[in-house]
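Have a look at this one before I ask anything.
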Amino acid sequence: MTAQQGLPLDVSGAAEHPEPLDRAGLAARVARDVPAYAYVNLGIGQPTTVADHLDPAQGVVLHTENGMLGMGRAAHDDEVDPDLINAGKVPVVEPPGASYFHHADSFAMMRGGHLDVCVLGAFQVSAAGDLANWHTGAPDAIPAVGGAMDLAIGAKQVFVMMSLFAKDGSPKIVPSLTYPATGLACVDRVFTDLGVFAVDHERGRVVLLEAYGTTAADLAERLTGA
Amino acid sequence: MGRTTFHTDPVEALAGVADGDTVLVGGFGMAGMPVRLVDALIDVGAKGLTIVSNNAGNGETGLAALLKAGRVAKVICSFPRQADSYVFDGLYRAGEVELEVVPQGNLAERMRAAGAGIGAFYTPTGVGTLLAEGKEQRTIDGRDHVLEMPIRGDWALIAAQAADPMGNLVYRKTARNFGPVMATAAATTVVEVRETVDLGAMDPEAVVTPGIFVDRVVTS
Amino acid sequence: MTAQQGLPLDVSGAAEHPEPLDRAGLAARVARDVPAYAYVNLGIGQPTTVADHLDPAQGVVLHTENGMLGMGRAAHDDEVDPDLINAGKVPVVEPPGASYFHHADSFAMMRGGHLDVCVLGAFQVSAAGDLANWHTGAPDAIPAVGGAMDLAIGAKQVFVMMSLFAKDGSPKIVPSLTYPATGLACVDRVFTDLGVFAVDHERGRVVLLEAYGTTAADLAERLTGA
Amino acid sequence: MGRTTFHTDPVEALAGVADGDTVLVGGFGMAGMPVRLVDALIDVGAKGLTIVSNNAGNGETGLAALLKAGRVAKVICSFPRQADSYVFDGLYRAGEVELEVVPQGNLAERMRAAGAGIGAFYTPTGVGTLLAEGKEQRTIDGRDHVLEMPIRGDWALIAAQAADPMGNLVYRKTARNFGPVMATAAATTVVEVRETVDLGAMDPEAVVTPGIFVDRVVTS
């Protein structure tokens, strides 16, 4: 199950790094690609940890879809205010310069293309940049989408952050999705423990930018069998 | 029609909720959840309700208690499945409650459309997914869109920070969430507030929900 | 030009009053039909004068489409604030309990059916309740619609306030519009100097409720030639 | 991208306006009119502009001056004709400026759609009128609707009361009008403000336009 025929993958220009990225390293690597002064939405779960690696000097402003721009860090102890939470329902703090708005305005902000970057987890990303992150497709699963489909189509750039291989060893970058789609042709960059990839939308292929803890050739073999 | 009415009894404030009604329920998680009104809705006893809310209840309180009491025929929400949403999960798997999953932005925008007199709108959210199946599509400026219809409530039950005698509302931090949108989308909007303020005490520039959208206010 | 064949008009139940309504009397008559606690938009021009005849005890709340609910009376002398005007661009005052909002929210309020009554001037109203009040149809006229089409379709009840006959003597309640339409089947009640009419949408006819300064029979003859 | 920039020279704040651009101009009458920016737009010299605004100028100042200077190819507005709109009137009758008249609510909603990522929407406004001729119609729930498309600006020029260093804006009374909507609908939004306030001095609950929509601020 590990190699896939037909994944259009270009590894020719990839840089190689000796160590794989651990969770903190991956979050830091994503943070490095967030442009200065960007407006950014960090998806629930692992993407949230990117915030810890943003340099305040970058001037990045965080959006949370439950109605806040300029969201602060997680709240601790007596900072916790049940009226002030992020999209993952974790209490956060209010830094100076924040603003609040209702859900329709918040999603208008997102869907209107005003966010520069959103960072999402994924089950799968296809060579065309299709994203699957909301539904396993299991027949007895209860569907629950939250804001995933809005985030997938709304931001100027969509970053995915995930492990490159599933627990069963199968690649999560795939020729075409086998899980139900969240959005089509929406992913721009994929950050994983073993490699950072760009989606080349014009040519419908995935380009390895950096390999971590392995070689470009090894990744090519594990992803394409070639 | 104006003159927002003020009540201390939340059951009294829900007078008129009938079997089969559609009820928009505010809140994102517990922030902005109209806890007293949802509890009162159980006491009111109406059955066969359609509940429109972001989630489908946690544990056995609030919406979960309403579900457990067998009052809900259908849930329209973005995220029913949570760590402790076992009441909903059980009813859903038993086929005792219908589910319409709606992307969160479409949920907000469809209610906004109902409140704003928009008959339908095209959005790129959901294109090419299971949630767009059977929906009309259209390519606009080279981008595919799905046609989405308004979601209208017979009732909106929301929570706010404060109301003035005109029914003007302000919210607090991210507890604002769906409240202002739902208030516009229902035939009758009932709001539970933490405080009431005197006429003229609310900054007209900072009113989030003008009183025209507020029919009944429940005070503590 | 004064009588029109085919105007479906019922005058059978009309009350008769000896004097015609002057401008103030007409405004007062309209005000009397505004329900207590109604949210009301008063169109530019003559409809604005209805405000002077609303009893504060009625609790009517005025909306102006340029972004204010709970609008106050005209401002005088040093009350004048260029940032605080009504839709006719006349300075007004801010009573306690007012609120401000932007243009999209203001028209959402109107178009979403939240206003109870709007009062508009008109060139013509048809038996079906079609309204013409934005364009004379003259070939060299520069079209200008403002909020008229939004008001026509938005309020729960649309009141029209006008003279019953044009300067050339032709009736302004007509079998069908000869001026360009503002909205179709939208008018509910027509208040004029000589009579108050209800539009019976189900039967597509106009019902005279009250005649002023003339008789029901005379109005029937002048409006229908019958 | 963030970091709203602050300028004292309005001409500098309009750097980049090019021939043929679409410019959304705030204000309802003089309330909320970005007077300095409109004057600066004349100095910038771009031609063949499409101007989207509620009115089409009064006397010979502001938009009327821009029109008189021959910079405007098309006006999209709800109410061009006013007592002293003789500059526009003359150009229109001479066929030197194109006019698209849009019902005021559609004007606001079409810009809101552009800002909110709505591809198109159905509205009952204008059904059966000259302004709906040639537009697609659809009956929804028994009511006729017209399909309306977004109006997007290359630029929005608006006025506000105050900005903070994040670009968050508050307005004053009915001078708010089109400003918050236009700010969302343009590629670049330029705002003239009466005052700037320190970071943290603006109430986060009362911000009307979050800084994400504000690119450049002109201070006095």
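Per-chain numbering from 1; labels A, B, C and D assigned in written order.
The rule we apply is simple: a contact is a pair of C-beta atoms (placed from the backbone, for glycine too) under 8 Å apart; a residue touches a chain by one contact, two chains touch by 3 or more.
Everything quoted here is computed from the prediction, not taken from an experiment.
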{"item": "Selected interface, A-B versus A-D, where C-beta contact pairs are more numerous", "value": "A-B"}
{"item": "Equivalent of B-C within the choices A-D, C-D or A-B, defined by over half of its residue contact pairs recurring", "value": "A-D"}
{"item": "Gap in Å, rounded to a whole number, between the CA centres of chain C and chain A", "value": "55"}
{"item": "Chain A and chain D: spacing of chain centres that average the CA atoms, whole Å", "value": "35"}
{"item": "Centroid distance [mean C-alpha coordinates] between chain D and chain C, Å", "value": "29"}
{"item": "Interface hub residues of chain C, defined as touching at least two other chains", "value": "94, 100-101, 107-108, 110-111, 153-154"}
{"item": "Shared-contact residues (touching 2 or more other chains) in chain D", "value": "109, 112, 116-118, 123-124, 171-173, 204-205, 208"}
{"item": "Full enumeration of touching chain pairs", "value": "A-B, A-D, B-C, B-D, C-D"}
{"item": "Complex contact set, residues of chain C against chain B", "value": "35-39, 59-61, 63, 69-70, 94, 96-101, 107-116, 153-154"}
{"item": "Of all residues in chain D, those that touch chain A in their complex", "value": "1-3, 112, 114-118, 164-166, 168, 184, 199-200, 202, 204-205, 207, 210-213"}
{"item": "Residues of chain D defined as touching chain C within the complex", "value": "28-32, 78-82, 88-89, 92-93, 99, 101-109, 111-112, 123-131, 171-181, 208"}
{"item": "Chain B residues within the chain D interface of the complex", "value": "109, 113, 116-124, 138, 140-141, 143, 145, 149, 170-173, 203-206, 208"}
{"item": "Chain B partner contacts - residues on chain A that touch it in the complex", "value": "64-68, 81-86, 89, 94, 100-104, 106-108, 110-111, 130, 135, 140, 142-150, 153-154, 180-184"}
